[in-house]
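Reviewing the structure listed below.
Think of it as A, B, C and D in the order they're written, each chain with its own count starting at 1.
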């Protein structure tokens, strides 16, 4: 069975280590916060100017001056820090964030990512995504492996306008965990019950498959 | 009579207007603070990270964490702000300081200034002087018009390594107040009792002298 | 307004000299930390042909969404405009020019404008549509693009508290783009929640020194929330 | 050291991994805001061949003057070294390489190193010895030179207070180069006057967020004054 959104988030939470500073994008990446093991300590960065993001506020805690990058009301943990957008992106672009998790429309076997624009459709803008992919030491992309018509989103070459080039190393989809290097996808794990053949079928980009592909563990 | 150091500072204090933010260099420029009229309000910037420099401390007020750019113990006025060296020079280099007063070994008729190095003699470094002359909207140089042997320091072309090019507009010496533009010095005022002929004699650079050259007023 | 006192009493005074066709920076991230009253008056007075530098474009009916409705904006330099349906419509019809800029590049371009840095290199946007027609240069084996500084005629920003000299502090994530914008315009106008006397703000913790501020107006703020999210009370 | 707690108990732990021939940034302006204990231990342990990035070079017998005496420094990148007579002697004899850098350019190069900006243009130093062999470029009719970012293996900095997560605040002009240096090295070690628990420092007024800090050591400081100037008591 392909993973649910929550399961993708659960699997990505395994990429988070004790002491990490992590930036979680909007959508599935936001859910990752719910699955970080209780026995490790991490700091969440919100690119609008907060290091040390906490959970959503209670009704009584709501504060219009305190929002996350998705413009949602939020809280700050003890030991948090607020700063300007310039300082926030100096932090991101300077490579100080240990892990960035973000969504994508497409990735390709060269590590390119397209996540911000579908020409002819809506004009929204890239927000901080281009800075995040250019600056992060370590990026995990959370995305659907294919669209509803089983057309792959893991491509030989992205077709949509790029967010960044040659910057993605790890992808977690509803079907698999893959690394990207040497111009190819490398299959690491498969979703429980999903076969290697199914993954091959919905992966357009070059895919290296080792002899043994373990199931993800949760 | 040529001006004393204190009189040069007194004359320069007349260039300071109400509401100004001012950076005063080491030496004669520091003395300018003593002659700012009591009926105007100015903020002194110290490039090591202080806006709102006050007088020297009393014995009881001495604080090793609070020094000026000359490494002297100092105080901060009410309404002061401390900031980093990067923020301090962003302020200076971004043209936000209204007036900078600094010393010089030489200036020339093109507005070049040499103030930081005498080859073969001491190696000290330029500190913030190059940033100040490149960034200030408005610079007044306080300097001796000539050396002890009556050799001019207001030259056709600076002979020492430059601090900045084409950046000096006004010079106050022990003999005169001069502006620099169109490739020449322009005599504006003379020290009380000093003749135009004396000034011509000790000015090597091209000097424009108007029909009437008033004495400085204090 | 004599000496270092920058307090003005009306929004009209705060915006003296503002004209059509100016370039203006507006602080805020979404609706958080925006100068509500200054935005409102420019809407009322109907200035048009504006080039706006702001991370977002407000929402329909609030913030810069008001200027959009009245077709006051000619060009919008932003990183994300997804909350504004009218923006999309005007942009597609060509009534509005949109210059989409990565958020970090936007912040850095504004900081550079205030800091006397005319241009800098960044990896952000290399190889993407943002990098088109920009100089590419390699440093230590990595490719970067050249980005130029931004400056403006007016900056309209929002702070939490000001002293009368214009020293500012911001609160929480309402800081965002406000500190850089304070440095990058000919005239910086700040709308604040509270004005205090010099000496009341701790000099160790001033976010924006008064040298950057030209006018201070005490505002009143609705502080509209875009996405009200809550959790249940903790047990 | 687990989780986000970065406190170490000895200077030796604080400097673990430090070796000869490293590049090291040292905070401070003159003797104000320098990490005295970290400087002392490196002097005692005698590491040599160091490339030092520091605005000043200490004075004879204190601060980086100690390293100078023991010939530990190969290259010194500074803006002003006038207080150190030995510096001059070693520099003239060629035992020490001095790279004199304008103070604002030095600060900006370090900030750029921490912020992922490989290079930027500045007017400072154009047409002077500092601009020699550097690219010159014109923007809007004015000439600028290209300056490159600085980074280092270690940053040794001094702060007033840290919480155990490494959030830092500085005091008065002891801030100076410390905040930028905190961002620009592989390993940032901070020597502080006081360590507090997370939550004790106001999150609105953190000068250096903990993400930049690797190790925190509580130091003791002599805080030697270079130029003791006083006025008479006010009447």
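In the analysis below, contacts are C-beta pairs under 8 Å (C-beta built on N, C-alpha and C of every residue); 3 or more make two chains touch, one makes a residue touch a chain.
Fair warning: this is a prediction, and the values are worked out from it, not measured in the lab.
Colleague: In this assembly, which chains make contact with chain B and also with chain D?
Modeller: Touching chain B as well as chain D, we find C.
Colleague: Sort out for me whether A-C or A-D is joined by the greater number of C-beta contact pairs.
Modeller: A-C
Colleague: Taking CA centroids for every chain, report which one is farthest away from chain B.
Modeller: Of all chains, A has its centre farthest from that of chain B.
Colleague: So how far apart, in whole Å, are chain A and chain B when each is placed at the average of its C-alpha atoms?
Modeller: 55
Colleague: For chain A and chain D, let me know how many angstrom lie between their CA-based centres, rounded off.
Modeller: 36
Colleague: Taking the mean of the CA coordinates per chain, how far is chain A from chain C in Å?
Modeller: Each chain reduced to its C-alpha mean, chain A and chain C end up 28 Å apart.
Colleague: Distance-wise, how many Å sit between the C-alpha centres of chain C and chain D, to the nearest whole number?
Modeller: Distance between chain centres, rounded to whole Å: 32 Å.
Colleague: For chain D, what residues touch not just one other chain but two or more?
Modeller: In chain D, 108, 111, 115-117, 122-123, 170-172, 203-204 touch at least two other chains.
Colleague: I need the residues of chain A touching at least two other chains; which ones are they?
Modeller: 76, 82-83, 89-90, 93, 134-135
Colleague: Can you name every chain pair that touches?
Modeller: After working through each pair, the chains in contact turn out to be A-C, A-D, B-C, B-D, C-D.
Colleague: So in the complex, which bits of chain B are touching chain C?
Modeller: Counting only chain B, the residues touching chain C are 18-19, 21, 40-43, 45, 51-52, 76-83, 89-91, 93-97, 134-135.
Colleague: Quick one: in the complex, what on chain B touches chain D?
Modeller: The contact residues of chain B facing chain D are 46-50, 55-60, 62-68, 70-74, 76, 82-86, 88-90, 92-93, 112, 117, 122-131, 134-135, 161-166.
Colleague: Which stretch or stretches of chain C touch chain B in the complex?
Modeller: It is residues 2-4, 111, 113-117, 163-165, 167, 183, 197-199, 203-204, 206, 209-212 of chain C that touch chain B.
Colleague: Going by the contact rule at the top, pick out the chain D residues touching chain B in the complex.
Modeller: 29-33, 55, 78-83, 87-88, 91-92, 98, 100, 102-108, 110-111, 122-130, 160, 170-180, 207, 223-234
Colleague: Please name which positions on chain C make contact with chain D in the complex.
Modeller: 108, 112, 115-123, 137, 139-140, 142, 144, 148, 169-172, 202-205
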